[in-house]
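Shared between the two complexes below is subunit A, which has subunit B as its partner in the first and subunit C in the second.
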Partner chain A sequence: MAEKVKPTTINHALVPKQVVCDKEEVSRLLSKYNIRKDQLPKVSIKDPSIQVLELEPGDIIKISRSSQTEPSSLFYRVVV
Partner chain B sequence: MAEKIYKKIDEIDFSMQSPDFIKETSSAKIVTAELYEREGYPVDGGLMDVRLGVIDPGLRCKTCGGKLKECMGHFGHIELARPVIHINYAVHAYNAMRSTCNECYRVKLNQVKLDGYAEKIKFAQKLGDYDRVRKLSKEVLTKSRLIKKCPHCKAKQDAVKIEKPTTYNQGEHRVNPIQVRERLEKISNEDTILLGLNPKTSRPEWMVMSILPIPPVTMRPSITLESGERSEDDLTHKLGDIVRINQRLFENINAGAPEMIIEDLWDLLQYHITTYLDNSVSSVPPARHRSGQALKTLTERIKSKEGRFRNNLAGKRVNYAARTVISPDPCIGFNDVGIPESVARELTIPERVTEWNKEWLLKLIKNGPTNYPGANYVIWPDGKKKKITEETIEQILEELQHGFKVERHLINGDQALFNRQPSLHRMSLMCHRVKVLPGRSFRMNPSVCNPYNADFDGDEMNLHVPQTEEARAEAEVLMEVQTQLITPKNGYNIIGCVEDSITGCYLLTHTKEMGKIEAIDLLTSIGIDNVKFSKEKVSGAEVFSTVLPDDFNFIRKNKHGETTVRVKNGNLEHGIIDKNTIGENNGELIREFYRKYGQDRTIKLLGNIFQLGIQILLKKGFSTGVADTDIPKEAVKKIDNKVHKAYGKLEEHIEAFKKRKIEVLPGKTELETLEIRAMEILNKTRTEIGDYITELVGEGNPTLTMAQSGAKGNVLNFTQMTGCIGQQALGGKRITRGYRGRTLSSFKKGDLGPEARGFVKNTFKRGITPTEFFFHAMTGRDSLMDTALRTPKSGYLYRRLANALQDLKIEYDRTVRNATKDIIQFQYGDDSIDVSKSEGGTINVVNAIHDVLGENV
Partner chain C sequence: MEELYKEYVGKLPGKILNDMEKEAKARNLKPAQIEKVLEYLIEQYNQAKIDPGEAIGIITAESFGEPGTQMTLNVFHFAGVAEVSVTQGLPRLIEILDARKTIKTPSMEICLKKEFAKEANDVKKVAAQIKETLLKEVSEEFNINLTKMQLEVKLNKARIKEIKAKPEDIIENLENAIKKISIKKTDEGFIIKPEESSDHELMELYKLKEKLKETYIKGIKGITHVLPVKRGSEFIIITAGTNLADVLKVPEVDSSRTSTNDLHETAKVLGIEAARQTIINEAGKVIEDQGLDVDIRHILCIADTMCRSGIIKGITRSGITGEKKSVLAKASFETPLPHLVNASLLGENDELNSVIENVMLNQPVPLGTGLPDLVAKMGPKSIKKKQIEKEEEDKK
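Right after this comes the complex of A and B.
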């Protein structure tokens, strides 16, 4: 059996920065947009880019990324 | 008006129909395939039994007593002599049999596992997670079906096989529907849940039908042909077959016929019921009419493009609509639509009779349906509708009072919705004002071709007439042409001047001097008659300025920051009006109009500019011909020299390449470098020739004028007609395909010269050589194939996108959300810019500041 590889941060221009939100931030986010957790955009728990964060379903990650129109913008995803 | 809603659906449960339910709801037992008696009255117990509802006027339903249209019909039933498999459940019945023991009828998993699954399914159901339930029961099926020994009663299991569509075998033996039904009956309710069914609403044995519901006659009405003969619906035909075979099967069983005959009849009954439910099952030959046409049975009624959903529910036919060929008419306004009189006579608007319009409406009624403008129908306040004919006209004229409605013909100024498919964006359906014109086609201003993406090579368009005041008001406010000047795609104007009007304005603003009389004559022809010129000679710019408002200021700068057009206080002080200022898609002058004066005034100003441009060409005379491309002999020689110079230069490179002395570009091979150099040299040559010709021909050449004003064509087109067609390229490279080492057999192997690789040095006018022609045809075919393949592909891509994104909207908190309010994007476009208020996606900050401070440019 192959040894389990410890996940590492992917350092690549195309992989945006991702951070876990703490409880306070989560409640602030949900009340700001007046939503439930399941109304957030989703990200699979198997997604390679979040392996290093060792998340559980229901956690929310904050992604800061750039787009054509804005050099940096915030995005949130709930882990499923 | 709105009816009170006293019942609301909050849940729908889809399940199988139980035999008890069928019997309960049945109002007649059908026993004979006969339809009518000799007198034409429906037979009792026949398929057209009066207890099943009425389709003949005059008859009354025996079940509910209602007349035609009052009674919506009632189901009947027939009892099948032998049970039959329901085709749509054949696979499910098969799965159920495979997963259960053939002796104790339990699911073939040990009790611990069964309990585990039962627990999990119960939990998932409680959560309402039906995807999970489905997954679990599927797991039960796959795990239990291959077990060869029952864990409960230890009985040996032979594999059940299905022989498509409805025959089952176990080992050597056939399992007939009676046995199937018996086995399914013995599956316990607990196990049923594990198989993915809810035993309260759907017992597995119901998948085998012992009783068949007969749909009401109202669902399958017969039609009376001209000859007086009755023609029955396809469903009635199929049901007739079923009843007939069912009766024969009964008789044969009762008479104790041999098993062989009974089996055959049974199979036939199975076939008929299968095709009755679905006549397009792959392994069953479809049941046909005597003419050979396949019957349209239950599944075909619902399914696919011609089925109930897509044809009758998602899309319906409408009244008050017209469709015909479109043709251009630059003399009508942007928001006008020219309508043939024949169409105007047919399309009507209901007008309520009041004190103020009674006389006028009476006049219309007197004109009747044939004389335009007239009226077709009159509606009484109680909803009675009468056609205006020679017989009825007297009575109508006498009775007409306030509160009546008159369906009068369309007249000039009425609102109508004009549409061209495919309706890809909101500008595909706009509100126009009716203008009744002679002829038989819809007329539109060529400027609105762009939003509709229409041309006049035979395009047809649709016209709808809104019937209520509310609808008309909505059409006017939300979708009249001037409301759609700016496209939400990028904030540019989608409507602007086209072709002749651009050329005209270009020529006008180029004119240094024209007579006062001439100028006034020109302006009068577009309806501007209050202009005074103090001088005897006026410039074109001054004439153009008369259509601009006095307080209008505008500056257009090019890429380098130089001012190209300047308007101050309504005077065109500097510059030339062309496509970049008044054209469609980013005509900056038009956008400035819109920003300053709003939509209604913009469309008027734009209309004036458009008419002005056309009138100039009409007055001046403007035409293009082959003579435009005539150039002096010396010029031809000079162009020839340029080409030969390029040939020489290329030859040097080829020599260098052959001696392997070519300067290689980074990341490229020597050959690639040579090819890049060749393309560079040859393309540069053509541009040079283009520049030379432009200079040579100078102003006054109509073809070049059109290209430079942006009205039609470009300088490259002109160059190709006059100077040199240039290098033909396939996929961005010179042509290399063909024979081994060469493109055509008329060249030497390894020839890298321009002529052997698709350079066309001739012009379209002079004519091209056979090899040049061949190369040109290659690139021509390539681009033709490209467009032919890309159009349907991108069309379908767009359709899927539009369907997937149709419920997304921007909420007040600037998030993008779908119908269930799930967040798709936290900030629209990451910058919250309303694209329709931007210029190509960015906000013009200078304009915004001026707007706020109220300053002029």
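Right after this comes the complex of A and C.
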């Protein structure tokens, strides 16, 4: 009976908008900060908020957060 | 007007630009004046920026440490009127920063959908359904019938109606929880009989009675108290005990605003980004409740560091401090001997790349002016990178 439940987007005030970066964006990001992929902050592939994106390890997600200091700031995490 | 500000996006943070726009409108500034102010703001902003090589970690630690000395040490405060108590002050801050798995007072803030959040009675009904209910809470009498060797439970009909429990569901839940009993429904309640008879029948019956009293029959497991509270124009429910995954499934609950103060549960249900935001909210709440003022950037710094690796790591020797590469740095935090013994058994190296181990060895630390080397290495790799950059610029 263990049918696979199709993941849905989590609509919650605490969860920011997250999208996958394409290849061009990834290389631009890495060269801008002169870093390797593994130096980025990580996110688990089992993380419930990214299930809907169907990612693979090594993908980079772009997170648009808002905080008191900046209405919209970008943050990146690499999927592990 | 919009055009004027567009030029400064990226040069100044969005918040400053937004504030500036508001102020300029309120004071009826001319474009030339606005431009002048913006130029001045950029100058000030760049001056206020942290210098490269500044030890922001230790500044954050001090910014939390000093107010920590002024916090309440072990006072329980009752939020609202009823018996929902919340850990506050230093103990709560330590809980958050250590990322404790089990916290002293888990609690949830349940927001309801608009149509249910207006009337106090509606909110009470939802709250009664959410609360974990045990058999003893809906029953009036427990009788041991000695002649028939059975338990007779008399139910409180009003309570049953309030939590909208069907007798069939209650029987099912009881049978799931306790094996080898037969339950019969009567007008007043249930008759419960053990299926097997033993030598110590009476004692077994008595034990069964005590066990039945504590058996779960309805509601969401883990939610031990509920308290409807008015906040602004709507009612919310504050709970003791937490079970985010199940509460979000309740149809009356607004699943986009309901939150828990348990970091690990948030991470499990909503992901690491939500957990990070919860750290910020909870730490901010502690500091605000104590009437203290710590800049939000320090809290952001801690929250980002704790959530860097994709799972929440506390500031403990098994958390982010244990992730340090240097043996000496780990040993300087807590339990130095085990760290040193393990490192020598495994033959570990210490590259002396960080601060604390260089302090120990009386060497310059890689901070501030000690960070850059006098001669920059221009290896083939960096030259290649520059070429790539040039090519990219040419493309543009």
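Definition applied: the second predicted complex is superposed on the first by the 79 of 80 C-alpha atoms of A that agree within 3 Å, B and C clash if a C-alpha of one lies under 4 Å from a C-alpha of the other, contacts with A are read in each partner's own complex, and residues count from 1 in each chain.
By our rule, a contact is a pair of C-beta atoms (placed from the backbone, for glycine too) under 8 Å apart; a residue touches a chain by one contact, two chains touch by 3 or more.
Remember, predicted model here, so these are calculated numbers, not experimental data.
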Which of subunit B and subunit C A:P41 touches, first, second, both or neither: both
First (subunit B), second (subunit C), both or neither touched by A:T69: both
Partner chain in contact with A:T9 - subunit B first, subunit C second, else both or neither: neither
Broader residue contact with subunit A after superposition on the shared chain, subunit B or subunit C: C
First (subunit B), second (subunit C), both or neither touched by A:Y33: first
Set intersection of subunit A contacts, subunit C complex versus subunit B complex: 41, 67, 69-70
Interface residues, subunit A side, partner subunit B - complex: 33, 35, 38-41, 67, 69-70, 73-76
For the subunit B and subunit A complex, residues of the former touching the latter: 813, 815, 820-824, 826-827, 829-831, 833, 841
Sites on subunit C touched by subunit A in the complex: 13-15, 18, 255-257, 259, 266, 268-274, 277-278, 280, 296-297, 300, 304, 307-311, 385, 388-389
Footprint of subunit C on subunit A - complex, ascending: 10-16, 18, 31, 34, 41-44, 47-50, 63, 65, 67-72, 77, 80
